[in-house]
Amino acid sequence: MSHRALHRHKRLRRTPPGASPGTLTVAPGAVRPQLQVMAYGPDDFSEAPLAAPGELLSVPAADVRWVNVDGLGDIATLQGVGTAFRLHPLALEDIVNLHQRPKVEAYDGYLFIVLRTPVLLPPEGHAFPDRLETEQITLALGRDFVVTFQERPGDQFEPVRRRLRSPGGQTRQRGADYLAYALIDAAIDAFFPILEAYGERVEELEDDVVAHPGNRQIARIHDLKRNLLTARRALWPMRDMLNALLREDSPFIEEHTRVYLRDCHDHAIQLIDMIETYREICSGLVDIHLSSVSNRMNEVMKVLTIIATIFIPLTFIVGVYGMNFDPAAGPLSMPELSWRYGYPLILLLMALIAAGLVLWFRRKGWIGKGQD
Amino acid sequence: MSHRALHRHKRLRRTPPGASPGTLTVAPGAVRPQLQVMAYGPDDFSEAPLAAPGELLSVPAADVRWVNVDGLGDIATLQGVGTAFRLHPLALEDIVNLHQRPKVEAYDGYLFIVLRTPVLLPPEGHAFPDRLETEQITLALGRDFVVTFQERPGDQFEPVRRRLRSPGGQTRQRGADYLAYALIDAAIDAFFPILEAYGERVEELEDDVVAHPGNRQIARIHDLKRNLLTARRALWPMRDMLNALLREDSPFIEEHTRVYLRDCHDHAIQLIDMIETYREICSGLVDIHLSSVSNRMNEVMKVLTIIATIFIPLTFIVGVYGMNFDPAAGPLSMPELSWRYGYPLILLLMALIAAGLVLWFRRKGWIGKGQD
Amino acid sequence: MSHRALHRHKRLRRTPPGASPGTLTVAPGAVRPQLQVMAYGPDDFSEAPLAAPGELLSVPAADVRWVNVDGLGDIATLQGVGTAFRLHPLALEDIVNLHQRPKVEAYDGYLFIVLRTPVLLPPEGHAFPDRLETEQITLALGRDFVVTFQERPGDQFEPVRRRLRSPGGQTRQRGADYLAYALIDAAIDAFFPILEAYGERVEELEDDVVAHPGNRQIARIHDLKRNLLTARRALWPMRDMLNALLREDSPFIEEHTRVYLRDCHDHAIQLIDMIETYREICSGLVDIHLSSVSNRMNEVMKVLTIIATIFIPLTFIVGVYGMNFDPAAGPLSMPELSWRYGYPLILLLMALIAAGLVLWFRRKGWIGKGQD
Amino acid sequence: MSHRALHRHKRLRRTPPGASPGTLTVAPGAVRPQLQVMAYGPDDFSEAPLAAPGELLSVPAADVRWVNVDGLGDIATLQGVGTAFRLHPLALEDIVNLHQRPKVEAYDGYLFIVLRTPVLLPPEGHAFPDRLETEQITLALGRDFVVTFQERPGDQFEPVRRRLRSPGGQTRQRGADYLAYALIDAAIDAFFPILEAYGERVEELEDDVVAHPGNRQIARIHDLKRNLLTARRALWPMRDMLNALLREDSPFIEEHTRVYLRDCHDHAIQLIDMIETYREICSGLVDIHLSSVSNRMNEVMKVLTIIATIFIPLTFIVGVYGMNFDPAAGPLSMPELSWRYGYPLILLLMALIAAGLVLWFRRKGWIGKGQD
Amino acid sequence: MSHRALHRHKRLRRTPPGASPGTLTVAPGAVRPQLQVMAYGPDDFSEAPLAAPGELLSVPAADVRWVNVDGLGDIATLQGVGTAFRLHPLALEDIVNLHQRPKVEAYDGYLFIVLRTPVLLPPEGHAFPDRLETEQITLALGRDFVVTFQERPGDQFEPVRRRLRSPGGQTRQRGADYLAYALIDAAIDAFFPILEAYGERVEELEDDVVAHPGNRQIARIHDLKRNLLTARRALWPMRDMLNALLREDSPFIEEHTRVYLRDCHDHAIQLIDMIETYREICSGLVDIHLSSVSNRMNEVMKVLTIIATIFIPLTFIVGVYGMNFDPAAGPLSMPELSWRYGYPLILLLMALIAAGLVLWFRRKGWIGKGQD
């Protein structure tokens, strides 16, 4: 199944309207969940895959436990994890419905956070070469645990895992809230390289749109705008979510973690700022494009008009002397044809007319004077 | 009567300006009301159609009573229901005036809620193929009752009824506020399949607008934008209404229902987000369309200009040698005509001119170099 | 004096800049004021025209007195009314300056309310067929009186008068605040039929703009947008005014009247919603219009290009064989002219060229394949 | 020095970046200050020009003193006035930097208010005929004094002076705050005649843009939009400033003056409302303009296409019979030339072709059927 | 390395996603830091370059110490400074990540402020002649110190240094907060000359876009809009930052410095106001440009159409009499050719046709009547 087909499919797979809240449905192509747990404190660290949610009970007690679920293709597993951490049925429904907007919701015993990270799909079709999608990551933050759910096994969180494994790292010294911060930060920062690449593309398009105005350019601008829109749809609510986390007086977030969340919030704002700037430039490029197309048409029309305006009258003149009136019919019947210098005179007349028209076009600025 | 005609008619049927508030007028084509009552608690359930509002008195006492009125074509019936639940005359006026915006209003003894759900009208006319309308549903939520009014017998609420009929369902365990939530949720979620279909259509249009720019595409984009506008008009106030429900400290809504309403609010935001995204893409498509039309015209003009620019001078030359100047009139009178190689030379000259022009066009990039 | 001239005149008639506040000036064409008083309570009712403000003293005591002034053409009369109800000089200045925005202002002893109701001016000039104007109505609401000032004798309030005259009507039972509500409601609801007519016109334009794109359509869209703008200028501040009335803790408005004002506020929002929707659709129509014009030009250009591209080369060929080179000059001097099948061969060649070009155009999609 | 040159110069004359705050610099072309003082109370009034700020000490004690400074060309004078009324260095800097936004700032002992009034510069250059500028007026309001600074001797405040001179006028009875109100009111109301003139111009442009679409119209629309922008830049902050004055609990503004400031605020809103309306209409006019230009080009193209499409095939036919194939070469070599009715038949054929094309164009709607 | 290449490079050099917060990375091309310290009070002043952060300990005690770091190319130095003033790791990370938005953040013991000042890069490439960039300046304000970090040795702060060196200057009398104000003020005021130059350019473009509509103009407008966007991205958050400084009850900012910060805030608003105005005018210019291009094409088309419409029919007529029908074939076979006045009559006929068409074009307004 191609990526875009997968994407289309996914979109249609949500709880049917009118269903009881908390109803879980699984997408046909969804990946079977794989569980992994990391339990750590300043001095101890363990990491293990889990075969089933039931094994969570056997995880050694630790300051912080991070359970990561990759793949949402099995309801029993998800419900098992849900039961273990007392997740609300509505939270579980949000986990499997993959088009949630980023948000934070306070439940009894944990904060429920929805994130989105960027996924670049390979180009498909002709007109619009590449497509940015965002993947949903849900995160439940309790006093001593973090549970994360991802659509697919992915490596966005790998740097965080590496930091956890190194004994002296800061992350190990801190609580679950700091781990949640680190994960949110990784999800948001993943947008930076993509938006920087878009910045480069905007500059390329700026050069290209003047040099080669055509349908390809406008399609590329549209494509870019669409991808920026996708990033924006993910980042605006992410910013709001961080704002809510900062303002909220939640028992799950300690004071000294707030300064890190503020930094994260700052990154979100910076990303949004980049997006809005690129969007504005793209809008300007559409104007330049339309103007370039019009100017090019103008140039085409000028060539046609100059050629036609010069030669049409001349062709008329030669047509006159191609008429077959009988010079013998009378003295006014095309006497020029028998003049000794009739032919050179008529050629001279035509040269004068052509020169006059060329001069007129030059004065109008249609010929010469360089291109602008 | 066709659907659109019905729609037009309906629009004109409202209380005349200056009329006393609470004046009820019935649309000529309105359907006669059909009443149905469901009374239930965790352990008991009864369901019956009612012939007249008076029969409401004989409904067995129950934890929650849900009276559904399908059709607004009889004032006496509506007033009967209004009296039974002590509805304010202004609320009754809102029930029969079918173009209310979604809202919630607190009255003594109940909350009065106006909802809108989508109705797809079949295509009509040529230019704009299909049309989304929204139907008004009004709902009064008291401590132990819910009354709903619909324009037409419809099946939006059927899944809720099915959940009520099943004894173990969660809905039966809860109060009237949870029933109201379930109905609001059903009304909002009905927008999802429609907007997902519009998402598909947006993608089709993206491909189509570059391949076949024409009036049909722009009309389809307009049609889509109009339908999105209709959905937006329903959903923005629906979101505000849910916001008000969440914030308001109403005695009719219990604490544990709020988390469900918050979920509902979330869905409304998600739908609005989809609408705004599609609207932005549609605006971009209009730009692409205009650009495609201009590019196509450019191409047409180039063909004309190339053909005309090459052949007009040549036609002038052959015209020159078609003039009837008498070669006998003098040595300068068209001597070429009698040259031994006059004809081949002139053919060669013309071939050179044509080749030169082709080269010039190629250098300008008007010929060859592929399409862009 | 034509309506539009009157309108232009009116605009220029306002207190000159720098004048002392409260300076009253009368427009040259203003109508002489006519006073009418209605005094009523649940059980009594009297109605009489007044010759002069002095007669106000002789109006019998009543629960509510409503003094209506039609026409603002006499300063002494206005000042007489102002004195009788202790209106502030700034309020009086607002009454005669006819381009106030709707607003509510609290003064000692009364609320001062500015309303605007729609007036349809007959078409004038060619390009823009009809024009919506709004008329200013000012209203002072005291504890037991309502004073209204109108530019011209009009019938917007006639239904309210009729309701007052009927003894059992609700309006008679209530205080001055309810009367004020009824008048505001009448002024706002007068926009409904006009906006519904605009809704119809939007649908007509949607059909028309694709079928007959031209200057007339764009002028009609502009006209509609301008009228919507006029309605919007009146209704947005009207909504704010009602909001202020609802929020304000004014002693002149009783609790049970608030629910009616809320309904009124609702109508204003609904009207604004209609306006914004129509405005958006109009903007879309401008796009469709431009696209239709471009597509039509494309079609024109295609016809020209096809005809010219086919015939210009053929005309060149026949021109070649119209040259007068002397076949006797040598064996290469137009020998074709004397070939036995020269003429049919050349006709065949030209037919082949024409057929080739037609095929090429058909492959490019410029010929046939239906219109899109 | 021309007005626009003056304007350009002025713009460049501001405190250089990094200079110490409170640095005063004088524009080269600035007018030398002229001081005038008015001292008054209900019963006394004196008015005198001052040669130097030192003479302020000899002004007789009075309820209110109004010192007006016309021209900002001498720093010593400005500093003298500043010292006399204890103006802060930053306030003095604002007085000479002429591109302040309107604002109100509370300092110890006075409110510092920046106003802008309109100045119409005479037309200059070709493309954009007239230009609205705004002049800065600064005002310091203390408990018993008002100091005003203007760029040039102007007459905006003359009506206020006249009111002060008349013994019975209201202004004389009131304090410095009422005088400040009167001056602000005069500055704001000076926009009314200008915006009313723009309203007229908008209506003229509406007629003109359809009748004569051309560069001149678009330049005039641009000019108007630019002037509206200038007015808007002055009036939006003026409104905010009045809002701040109304909200602020300043000791310099007495309760009964607030109702007058509210009126002033109202005027500002009304002016902004006019500006926004005209701006929207102007935007619509640009659409109409582009549409008119396109329609006109369509018309031009149609004429060309019709003429060319009819005559190009005919010219081809006559070209065929102008070929010089030798009829003697064979029976198929242009036998038509010697047919008895060859010539009339060919004329008839061409007439039929022309008639057919005319009919086709008529059916396409390109010929006749009136213009739209 | 060219400036733009440098700029591109810079953009890519940021902490990689998922890295531990506070990770410092240095850009390859970054300049080695140079430290300079100024220590001053009302009566004493010392100024010295520092070789290493360790030397900070030997700086004589003073009321205010200002440490300026030019260049961010050495992590050890930056960390040394960070340790000396107890800067938070996140603050240090912000210092080296050069694309921060302006902001203020409160940390224990200091306020951390990010500023941006304009840097004009030399023109590069063809289409877009010049480019505005902004440079990041970070500033930490403690009770008795200010630390500033700049990307490159620059002279924005030179005027402030000069003021510090002069013994009687105000700056020496005040605390660290006043120094911070002076630096912020210098950073903001640096935008004024640039925006004033853009104002001039807007006026030039206004003249140019009507006179010579072409791709160059639209590219220059785009360039200007892009630079305005850059300035706006820096100034909007700068305004918010100043707002936060004004509102916040920070122990680091004394009461009498607030009036200076308010002035600074005012300048930021004034700059934003200029930017928004220029942006609006630029948008209008795009409309004028498109309109000018269309009008010019209209003119070109008219010339073509007039010439073609006049000569195509005439060429057809002369073609008719160039046919070789044999006059001897019959009395109807081109008898005109032998008429005595055939030739002059046909010339007269053609003159009449041409005159008629010229008249028709004149009546249509396509010829003469001046240009508009």
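For reference, chains read A, B, C, D and E in written order, and residue numbers begin at 1 within each chain.
Rule of thumb we're sticking to: a residue touches a chain if its C-beta (ideal position, glycine included) is under 8 Å from a C-beta of that chain, and two chains touch if they have at least 3 such contacts.
From a predicted model like this one, the values you see are computed outputs, not experimental measurements.
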Where chain A and chain B touch, do the two copies share over half of their residue numbers, giving same, or under half, giving different? different
Can you give the whole-Å distance between the Cα centres of chain B and chain E? 40
Chain C and chain D have mean C-alpha positions lying a whole-number Å distance apart equal to 25
Note: chain A residues in touch with at least two other chains are 290, 294, 297, 301, 304, 308, 312, 315, 319, 322-324, 334
List the ring in order: which chains come, beginning at chain C and going next to chain D? C, D, E, A, B
Per the touch rule, the chain E residues reaching chain D in their complex are 156-160, 163, 169-171, 182, 185-186, 189-190, 192-193, 196, 199-200, 206-207, 210-211, 259-260, 262-263, 266, 269-270, 273, 277, 280-281, 284-285, 287-288, 290-292, 294-295, 297-298, 301-302, 304-305, 308-309, 312-313, 315-316, 319-320, 322-326, 329-330, 332-334, 366, 372
Of all residues in chain E, which touch chain A in the complex? 8, 11-12, 14-21, 88, 90, 93-94, 99-101, 103, 105, 107, 125, 127-128, 212-216, 218-219, 222, 225-226, 229, 233, 286, 289-290, 293-294, 296-297, 300-301, 303-304, 307-308, 311-312, 314-315, 318-319, 321-324, 327, 334, 336-344, 346-347
